[in-house]
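What follows is a set of structures for review.
Each of the next two complexes has chain A plus one more chain, namely chain B in the first and chain C in the second.
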Partner chain A sequence: MLKNKFERLELKEDEYIELVHLFVLTSRSDINKLQSAINSNDTEKVSMIAHSLKGAAVNLGLEEFFELAKIIEEKARDGQLEKTAETAYIFQNKLDGIADIINS
Partner chain B sequence: MKKILVVDNHPMMLKFMSNLLEKKGHQVLTAPDGLSALDILKTHIPDVIFVDLIMPNISGDKLCRIIRSKPELRDVFLVILSAIAVEDELNLSDYKADACIAKGPFNKMAEHIFTVLEKIDDLQSEGLLREILGREQLYGRQITKELLELKNHYEATLNNISEGILELTPELKIVYANPAAISIIGIPEESLLSRDFTKLFLEKHQDMLNYLTDNFKGRKKMVIHEGPFEINNNQVIINIIPIKDDEYNPILVILKNVTLQKQMEAQLQHAQRMEAIGTLAAGVAHEINNPISGIIGYAEILRDCYHQQSPDIDIPKRIIKEADRIADIVKNLLSFARDRQEEKSPAHIEDILSSSLGLIEKRLLKDGIQLSVDISNPLPEINVRSHEIQQVFLNILNNAHYGLNQNSLKFGGKNFLRIKSEMADVEGRNYIRTTFYDSGPGIPLNILNKICDPFFSTKPPGKGTGLGLSISHGIINNHEGRLLFETVEGEYTKVIVDLPVNTDG
Partner chain C sequence: MENQGRNDNEKNTENSRHQKLSVIRPLELPETKNSAHILLAEDNPINQKLAKMMLIKAGYQVETADTGKEALDKFITSSGGFDLVFMDMQMPEMDGIEATYHIRKWEAKSIAPSLMLNGKEGEDLSTSIFELTPHRKRVPIIALTANAIKGDKEKCLEGGMDDYITKPINRDILFEVIEKWVSSAKLSGVSPI
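Showing the complex of A and B:
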């Protein structure tokens, strides 16, 4: 699954894995911040963080993550923080999934 | 090989950029925010800088402007690296950047980065690139736009409030300043950002500020200090608010400019003190007057007992002379204290001035003082007690004469006294302003607020009573005028007398 992605981005496999690794690390801490922002009802901050997640996903050509981050950003903007929290949870699970792939 | 600095807050982006550029043999430095970038730029001058726009601790747009304000970095090729850039209908010249690359899939970005790097060498002769590469990889355009609008909305608010607002890192480096803060501090934004906050203040305030900021580190508590702290000739109250967040823990500082308020308080205090002294002086003068008449009376009796040729007759005569001196001082004191209700009458400032000058002009000229009088004609009449104003002018002239003579040993021949009368509009009211500008030794700042106090004198004992300016002050106040001093020690003194123009006709 990752193979065609790094080829499409004209990167070597080990380079790509290194970048995805950083993506996972940064996104995990972003998701933590996102959750505390949801808890304090700070919708601006939620959409800011989602925006940054979205940008990183685009860089790596990770469409699924891009779509999820986009939903988080839109829902936060509409004030639907419950929906946002659900999607953030899915995002986090997907992060774990991709982390397993690059670690193996 | 080029020296390249990449500034972005996402570790992945920094890694991608350094891999990409190092593979091509470039030397790459990275920084996670604007503040660290400025730190690196203190010791390194790169050929190219890639800057993200949205970053903590000095955003990309500000970083670009700071870079361009530094002479040693003026020729650095500056590339903006941001998704925001595409949305903002970005004007590269606003950021003083040379090119912009939109963030997108890494392969596309790599392509644009190489395009830019290849073009740099040609551009040196052709002029700047000034174009945005990668516009076609737009995504989420609408939402980004909203994000920007939100940012602009907050900025508009911060730009228009009268309090100065600063954002500091926990290390007390300034990373944001609104326009009010910039004007209070008096340092342009480009050189203000990344500075140490406490270093802006005089040494005497620094310990207090360090104590204040240390005191709440880690605690979520606001500190207000009435100070006032002095900065750029302004007096400010400082409000320090630590912001608890998961990452940066910034510190917000609110500067409230209380200069005017403090000045008014000082004026009021001075006025109250003068009034108290006036009352006291009137009482003392009255009490002294009676025994003085007694002393003079008895001394006269004593004098009359002596034979005119007796050598001892000198003693009662001296008693009378000295007692007369006391009586004079008391009379002066009374005129300071008493709100004399003598009638005012219309007069021309020119006439008053020339009668005062007539008494002293010859002495000024004899001491080699260059005297000039400039009265812009025709000035309206003022409603005054002429002899009182004459006394004030004479007093000021005497002081100037004394000061200039102190000076003459040092700069012989350069002494001047320039007198000018003109119209002045103060807070919507018309005044005639007479300025006495002398090149004397000036008034030391530490005594400036005391010179109108009774019995305060800088002259040696016996030369002055210390009553001249306090009486003048009282007289001018009774005329609803203003007596002002402008002075630079060692250079000049300007005494300004404002008298209200006769508006009754």
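Showing the complex of A and C:
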């Protein structure tokens, strides 16, 4: 699944895995920050964090994460924080999924 | 039938040309450019690492900064100077535009003592500053922008940047811009006095 992604970036598999590993670590911490921003109704901060998640995902070719971060960003801008919380939860689950793949 | 055959031939030639290009391209970068020293200012750790990996693999020497402030500090204190700066527009503490402003201001003081001669009479012309600074040329600064927002290019250029590339980071565009600016800067750079 990840093969065409690192080939597209002309990286070696271990280099790409290192980047995805970093993506998982930083995204987990970002999602935590995002959840506390949702709890304090800070829509500006939510969309800022989502924007950064989106930027990282797109550079690594992780389209699923990009789409989810995009939804979070847009919904936060619209003030729909309930929807962003739901999507953040899906994002988090997907992170666990990709973490399992790279750890195996 | 004949036409069909010719089209196929054209297609084959086209295909083999593409293959040839993609095989040759990485070797086309002259060694001198690959030794270029690059400052990469990008706050997103993943994007920073990805760009750094790409640049190091191509043989460039890379220094990184997580904020505009760090980029400015590294730029000023670097002993050998940089050949090119990649500057993210949005960064915490100090954004790319502000860091560029300070870099240009510092460069103007360091590389153009003649401008200082036009300063107020009796002003310390600080030739010692000039002698101490290793930089002798205006370093190209390339903006990294998150999206191609209309007017963003103008904002970069007005802010003292030379060019911009949009994210996601594309390896070919990254190298193209280095080739464009590092060589031209070397050609038109202010010669040491």
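Rule of thumb we're sticking to: the second predicted complex is superposed on the first by the 104 of 104 C-alpha atoms of A that agree within 3 Å, B and C clash if a C-alpha of one lies under 4 Å from a C-alpha of the other, contacts with A are read in each partner's own complex, and residues count from 1 in each chain.
Just so we're on the same page, a residue touches a chain if its C-beta (ideal position, glycine included) is under 8 Å from a C-beta of that chain, and two chains touch if they have at least 3 such contacts.
What you see is a predicted model, and the numbers here were worked out from it, not measured in a lab.
*Asks:* So, on chain A, is it clash or fit between chain B and chain C?
*Replies:* Superposition check on chain A flags a clash between chain B and chain C.
*Asks:* On the A-aligned overlay, A:Phe23 touches which partner chain: chain B = first, chain C = second, or both, or neither?
*Replies:* Once the two structures are laid over each other on A, A:Phe23 reaches both partners.
*Asks:* When the two structures are overlaid on chain A, which partner does A:Gly55 contact: first (chain B), second (chain C), both, or neither?
*Replies:* both
*Asks:* Would you sort A:Glu15 into first (chain B), second (chain C), both or neither based on which partner it touches?
*Replies:* both
*Asks:* In the superposed arrangement, which partner chain does A:Ser36 touch: chain B (first), chain C (second), both, or neither?
*Replies:* In the superposition, A:Ser36 touches chain B alone.
*Asks:* Tell me which of chain B and chain C touches more residues of chain A.
*Replies:* For chain A, the partner with the higher number of touched residues is B.
*Asks:* Taking 8-16, 116-124 or 134-142 from chain C, which overlaps chain B after aligning chain A?
*Replies:* 134-142
*Asks:* Where on chain A do the contacts from chain B and from chain C line up?
*Replies:* Touching chain B and chain C on chain A: residues 9-11, 15, 18-19, 22-23, 26, 51-52, 55-56, 58-60.
*Asks:* Which stretch or stretches of chain B touch chain A in the complex?
*Replies:* 10-13, 15-16, 19, 83, 103-107, 109-110, 137, 139-140, 143-144, 146-147, 150, 246-247
*Asks:* Any idea which chain A residues touch chain B in the complex?
*Replies:* Residues in contact with chain B: 8-11, 15, 18-19, 22-23, 25-26, 32-33, 36, 44, 47-48, 51-52, 54-56, 58-61, 66, 70, 73-74, 77.
*Asks:* Where on chain A does chain C make contact in their complex?
*Replies:* Answer in residue numbers: 9-11, 15, 18-19, 22-23, 26, 51-52, 55-56, 58-60.
*Asks:* Under the definition above, what is the set of chain C residues touching chain A in their complex?
*Replies:* Touching chain A: residues 44-47, 49-50, 53-54, 146, 167-169, 171 of chain C.
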